[in-house]
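Presented sequentially are two complexes of chain A, the first with chain B as partner and the second with chain C.
Moving on, here comes the complex of A and B:
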């Protein structure tokens, strides 16, 4: 194994990690705000990929330009999901029940996509999907670089909304103490609906990049959910910055192990590292208490 | 009940209904054929099967369902089984080895299916065959051809398709036989950790190594991997002349194709154990016919197979489901062959009794199917099945190996560069 293979694995891990952070951001935001474990996140990612496919193939809209349509559409979808499914859950058993309810949402999405598109695999196509540029001896695919930059940009916007705006203060207030937030005039229901909307909206972008880098069909979301949950848990539930750091760390570690040692061990090391980190930092890298206090 | 609880209940109910809708006939269907007058007056014969209508194997599972339905339709048009119309009872296992066990228990003990057909993949066939054996049922299947399915001492399992362990042998022997100037000097072997792919690779590797082809990469990757980039990039970095990929589905091969293109790496020879056989579905994921050009795969059947029954099946498929012959993948033929084998056994024994059917299938009789002759050995493998290798050439799946076999055309070597 050469040094250049190792370096390539690190670069691949960082670029792919950015995409995973983008896909996990919505999950961590929804959990952080509402204590809801959104099992439908994988299905929403696949839905995002199909939306981009429709715009690209049937309307000829570029994958990245299409996000101007899919992100707002997904915001509305997120608000609708919050209103129809999440708001109805009782506070006492919200987290446990959310697993069942969002699983139902995932099944609904999968069923609809199967009926509309069938189960054949698709992959998003654009001139930059297979194109690369050569730098320092590596061929870097444009789609991964663009996806990484998109992830950094959108996660930055999310961070700004949460920590630099009045709405963000409302979100964090709701996280810390719902009753106190309501007493000082925060409309918690509205904050929650908008937060889920934002979380799902970001997922549209993650879905587009996922669809451009992987073949997908309506069932592809299930393969993602365990990986995304592990990133969110390692990050510290609710932490946007943590999601980025955790995704970069986990995916890079996995890629390096796959190249240096064996792909079979990569998955084991991925989850073992999660256990090791949580042994020392049970709240994750950016523990939820710290996230809510920022 | 509180309004909120009603809303949640309604959502879950809607989900359940959609699953039923999306996965199509998780209930019974007659297969679409109109049974003759004689058979329509008799009670239907329920044949149960568990298929992967969702999950990782959903594309294959739904293709299998079409194959079973086409067979049921045809057999009903011909008067059914012993005059009884056939009614399929299809339940979805979501590609889960745990669910498939529950499903066959339900089909036999609760739904009272008279006969059962196999699921998709060795991964699901192995656990399913054990539970079906417990009830004494014949278990004829078309997609569980790996050694793992036949090493459990079961007397009731029969695979109508090609035993997968020999899948790559014609390819490996052909590579080894190439003149030195054309023969690859190095090879990379990457395989999914799956009972279907794992046994195939060492056999091919041994044959190629004996011919002096140096192994420069040989790794197993987990079946549930979601990021193929590091593995595919490592293969590309090895600059192997030949790549042998142990894949079970389209996404795996598609990921390797795109990674190879991105790394400006085009091996002289590229074969994948499954994925390219999915016809038009593979082309969609791989990025079109130009990217598929020259990619090889082993199989026992393809839409152009020169067999009258096979051609009839392809015509019926296109008439019923639309598309072109290229859309008919081997899953459909494998499923159809299962029905054919059972129908011949029922006709020969004049019975729907499973022990009699098992005895008949073990009697050494040669059956016919859309995949060619079927003759089961003591383990239940089809000893008559021929191993072919196909190659994508100008958007068509072309039989290329064994060289000189009926229907074989010259293989394209070296594989053209991507997109050319």
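Moving on, here comes the complex of A and C:
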């Protein structure tokens, strides 16, 4: 283990962590507003990667330009999923049912992708995916930096929507107390639909960056969702700022463990830290009091 | 369904008889092989439902116990030098016990949490065990392990496995039935309905939950062992399969979560369909679409599962004609008996 490989692990972890933060923010937003864990988030990210693949290979559209098409498309998809499945669940057994319903959505997506594209691994290609630059004694593809900047930009947009718009106030109100928000005139159904739309829309961008930095196939979603779930549960469900911190921390920790110990055991840090933290703080590190009380 | 005892006994006897003669009538290797897989999933769904259906804790990590059973049987058979044949079946209960032992610490940790967090911790355990199976030395890593293969003819091979699994299924069903009738079963149901109140009323919540969790892991471990022996090989991604967790939960949900017969029915339909599709079309992926779509349809149209929805229909049909009044005392007596 050299200082350079450790530095590479940290830089790599922070850059990748930014993208995970974006994807985790979407997951935790959906949870906060809907009280639903969207297991399909992983499959949606993979779907996003395939959409970018189709646009870039078959239509020759640049990966980042393609997002102008895929992000709105995924927003609509999210609203449709909310309308078709999530809205119809009854309040009393929502926890259990929502996990199973979104799991079912995930395997339908996985099935469709395997039938259409097969199960071979693909990776997104572009000039900035293949070319690298030199920093701190190692080489890094440009896509890591571009992906990180994209994630930061979209998180900024998310922040602006949530904290600077009237709609965002409704979302935050619904996060804190659904009934009270409804009583003061927030259209909770609309807030929920749009929040799920936003939560799904970010997976289009996350999927593109994931697909450019990793080889993926239709079942890559399991790996992603288990990491993202660990991140958002560790942070405390519903806490967006917590998800950002936890994503950066966990992904960096994973990369460092891969260098210091062994790459095959690196993902263990997610599950192990999840179990350790929850044994002492069942609500997660930044969980709100309301979530903890449930 | 609250059938009268003679009708219920008749129903059970018919089911057992069908279970007994099925492979003799449909004796082609294809159908008996499908039947063995179906029985394995019926056991798993039934056992899972005993814990998750009664307590309301949706565990999505029972693949841990399935995989542990599979590896226990394979490792013991290989290292203790078991000759291929009937002797290896003696290891099936051992596989169940090991799975039960592993369920104690994992259950202790997972059951500290509730709702979403509980579900996610069980999923996390599943991935930890899969990771361990891939990377520990003694599991053979991604190339997997081979238990000894018995030299039976194709027909007897499937038949032997069929009847062994059928015995495990009967035992599991009797176990869930006994649990349902017992005080312990009622305590579990009270936890599902209101855990705080159950605790207030003196139910030892933690102990009851953990016992049910461990009890439900044992049959899953046993069929895990049978599965490994039947296939003749075991790989980490099939022993610890996230789809297994989802499958048994879907089976229980489609049949009716928390009912005695529902999970059996769900497993019977779903697993035989899936195996049929795989055999017929050789497609291992297309069934995912059908699987997911079927589940969504059931959730949206019959949110409580097939059996409870049928029950509702029947009781509504029964309630309609007024001359059905005399039925009521019998039903009340039944209910009292059930509560007692």
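As a working rule, the second predicted complex is superposed on the first by the 275 of 294 C-alpha atoms of A that agree within 3 Å, B and C clash if a C-alpha of one lies under 4 Å from a C-alpha of the other, contacts with A are read in each partner's own complex, and residues count from 1 in each chain.
In this text, contacts are C-beta pairs under 8 Å (C-beta built on N, C-alpha and C of every residue); 3 or more make two chains touch, one makes a residue touch a chain.
Bear in mind the structure is a predicted one, so any value in this text is a computation, not a measurement.
**Student:** Assess the superposed three-chain arrangement around chain A: do chain B and chain C clash, or do they fit?
**Tutor:** After superposition on chain A, chain B vs chain C: clash.
**Student:** Could you say whether A:230 touches chain B, chain C, both of them, or neither, answering first, second, both or neither?
**Tutor:** Touch partner of A:230: chain C, not chain B.
**Student:** Once the structures are superposed on A, label A:139 by its partner contacts, choosing first (chain B), second (chain C), both or neither.
**Tutor:** In the superposition, A:139 contacts chain B only.
**Student:** Using the superposition on chain A described above, determine whether A:251 touches chain B (first), chain C (second), both, or neither.
**Tutor:** First partner only, chain B.
**Student:** Touch check for A:90: first (chain B), second (chain C), both, or neither?
**Tutor:** both
**Student:** In the superposed arrangement, does A:121 touch chain B (first), chain C (second), both or neither?
**Tutor:** First partner only, chain B.
**Student:** Of the two partner chains, chain B (first) and chain C (second), which one does A:198 touch, if any: first, second, both, or neither?
**Tutor:** A:198: touches no partner chain.
**Student:** Tell me which of chain B and chain C touches more residues of chain A.
**Tutor:** The partner making contact with more of chain A's residues is B.
**Student:** Go through the superposed model and pick first if A:274 touches only chain B, second if only chain C, both, or neither.
**Tutor:** The answer is second: A:274 touches chain C but not chain B.
**Student:** Applying the touch criterion given at the start, work out whether A:23 contacts chain B, chain C, both or neither, answering first, second, both or neither.
**Tutor:** Once the two structures are laid over each other on A, A:23 reaches no partner at all.
**Student:** Of the two partner chains, chain B (first) and chain C (second), which one does A:5 touch, if any: first, second, both, or neither?
**Tutor:** The first partner, chain B, only.
**Student:** Please state which segment of chain C collides with chain B in the superposed model; the candidates are 146-154, 182-190, 254-262 or 308-316.
**Tutor:** After superposing on chain A, the stretch of chain C hitting chain B is 146-154.
**Student:** Once the two structures are superposed, pull the chain A residues common to the chain B and chain C interfaces.
**Tutor:** Common to the two interfaces on chain A: residues 85, 88-90, 97, 100-101, 104-105, 107-108, 110-112, 114-115, 119, 218, 222, 264, 267.
**Student:** Which residues of chain A touch chain C in their complex?
**Tutor:** So the residues of chain A in touch with chain C come to 31, 37, 85, 88-90, 95-97, 99-101, 103-108, 110-112, 114-115, 119, 218, 222, 226, 229-230, 233, 237, 264-265, 267-268, 270-272, 274-275, 278-279, 282, 284, 294.
**Student:** Per the contact definition, I'd like the list of chain C residues that touch chain A in the complex.
**Tutor:** Within the complex, chain C contacts chain A at residues 56, 58, 60, 109, 112-117, 119-121, 123-125, 127-128, 131, 134-135, 242-243, 246, 249-250, 253, 257, 283, 285-293, 295-296, 299-300, 303.
**Student:** In the complex of these two chains, what residues of chain A are touching chain B?
**Tutor:** Checking each residue of chain A against chain B gives 2, 4-5, 8-9, 12-13, 16, 84-85, 87-90, 97, 100-101, 104-105, 107-108, 110-112, 114-115, 118-123, 125, 129-132, 139, 141, 213-220, 222-224, 227, 251, 254-255, 258-259, 262-264, 266-267.
**Student:** Would you mind writing out the residues of chain B in touch with chain A in their complex?
**Tutor:** Contacts found on chain B: 3-5, 7-8, 11-12, 14-16, 18-19, 21-23, 54-56, 58-59, 62, 95, 193, 219-222, 224-227, 229-231, 233-234, 237, 249-251, 254-255, 258, 261-264, 278, 280-281, 284-287, 418.
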